[in-house]
Structure formats: C-alpha cells, structure tokens
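First chain written, first letter: the chains are A, B and C, and each begins at residue 1.
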C-alpha cells in the first residue's frame, strides 16, 4: 500500500483517466465553472478561495494498493497532482507501507 | 482496517446514509445538476467527462476501520459503489489490513 | 500514520488552511451556494439532503502521516471536522497505526 499526501492547501491529489488529455482539461474546465475564482461573497484576501475548495473537493491524499512493487491502478488510471493556485514549487509526501496478510480482523 | 479501491475512472466509492433510499436518489440528482452530462466546453470524445468528474469528487477509495471482523461504520452509514457511466461490469479491490496497536508514533 | 474516521452521514473531515478564518467561511459559503439546502427535486423527508452531499464531497476520513508522534501536516494545514446539519453531538474515530519501513513492496 502507498499513501501519497499533499502538504499544501491549494493543491490536491486525485486519480483519473490518464490517456486522453481532454479528460484533464474537461475536469479543470468544469471545476472552474462550478467554483470560479471570484465570488462576491469571498472574504479571504489572497483571492484563492476557489483553490482551497477545489483542493478539498478532490482531496489531499490517495491510497493505492501495491503488489510486487507496482501500483495496482486500473488500466486507464493515473495519479494527478493538482495545483489550483500555481505555478508554485510543491512537495508531495509518498509513504510505501507493508503489511502482513490477514483475514480481515 | 480495510481499504476498498475502485480501479475505474468513471466509478467511485463513498460512504453515506443507507436507510432511506431517497438519500441516494437526492445525491444523484444533485450531482447531475452540478455536473450535467453535456457542457459546451467538453472536448473528450467519449461524452462521459461528467462521469470522470463525479467520480473524482467522491473518490476512488474508502478506508474503514475494522474491529473483531466487523466494519466500524456509523449507525446509518453504508458503503456505496457508484458507477456514473454504466451499466458496466466493474471490479472492486478490497484489502483487509492488520496492525499492532501503538501509541501514535 | 493516523486515520481519522467520521461515523456520521451529515459530517465530514477534511484538511485545509487553518490560519485565516475567512478561508473556512468562504468554503462554507461556496459549498452552500453549490448545494443549497432546498431543491425542488429533493425527496428525502428529513430536509438534509444537502448535508449528505456536502459530506460526501469532502469525505468521511483523512489519512495523515505521523513522525515522532507529530502529524506531518503542511505549514498552513489544519484538520477540519465539518458538521453540515448541526449542531449535533458527534463522534470521531482516531486510529494511530504503526508500520515498519519498507522499500515499497
């Protein structure tokens, strides 16, 4: 198992199709339509409240299963690191974890 | 602990109320209103960009705690497998993991 | 590593900026604009379908890495417990887990 964790508040990590680049641009276009950068009621002075919400909607970590040192992603899946207030220099924390097999207890 | 992971890009797994079936239909209705199947700006040729975004919004894995071989879900909670571009034959990867107790270090 | 799990269907746990309180109010304002409490098509009789969807969008658990008994959060990050149909008395399940280091296998 592998945990990838984003220690930033305007960045997210998520999993999606990684074959047709139009999927990525459609996701970003729709997210920006749902959560535009400006809203009359935003109060946060940095002007990036949209980035915080988009990051929260996608999440700050992914958990992926690993077998024989390979990520068990689906056939079309890729892991996306998403910065919604960039470009910025960013860190990603990756923690591989090992377990003994159990019967679910 | 149990990890359930969805290896598909138009499917998600999430946790929600599993008593009144109206909760499920309300969730789906609102998600479809937020992310309709068609948008003028979608470019992905398969016509399922909405499914990719809905799946990303709910997430591709859930982590649930387990005790004495039982899921520690809340009283009203159930685990939902969600296919947003179905019906399709789908896989779900379920990994039970066992730990020794620690003091948090 | 630490898992925090919310056993409720109208509550969520997420990670976001925890410095300027305007970030929190902007997030809540935008979420409520996206998912208002009332929609003509909601059928769930309790009137809290919006709370269920908001909770599903943010998620019911967070996974945070831990080192030397400290959460490895980013500089600006805090963990938010979010109740969208409160105030209610709520539980949060926190499970610290310990691993041996591996090479990713």
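Keep in mind that, in the parts below, a residue touches a chain if its C-beta (ideal position, glycine included) is under 8 Å from a C-beta of that chain, and two chains touch if they have at least 3 such contacts.
Please read these numbers as outputs of a predicted model, since none were measured by experiment.
Colleague: Shared numbers divided by all numbers used: is that above or below half for chain A and chain C, i.e. same or different?
Modeller: Answer different: the two copies use largely distinct residue numbers here.
Colleague: Give me the superposition rotation angle from chain B to chain C, based on Cα atoms, as a multiple of 5 degrees.
Modeller: Rounded to 5 degrees, the superposing rotation is 120 degrees.
Colleague: Taking each chain's centre as the mean of its CA atoms, how far is chain A from chain C in angstrom?
Modeller: Computed value for the inter-centroid distance: 15 Å.
Colleague: Two-or-more-chain contact residues of chain B, please, as numbers and ranges.
Modeller: Where chain B meets two or more other chains at a single residue, that happens at 34, 57, 59, 63, 99.
Colleague: Can you list the residues on chain A that touch chain B in the complex?
Modeller: Listed in rising order, the residues are 1, 14-17, 20, 22-23, 25-27, 29-31, 33-34, 57-59, 62-65, 72-77, 99-100, 102-105.
Colleague: Residue numbers of chain A touching chain C in their complex, please.
Modeller: Contacts found on chain A: 2-3, 5-9, 34-35, 39, 41-46, 49-50, 52-53, 55-57, 59-61, 63, 66, 68-69, 91, 93, 95-99.
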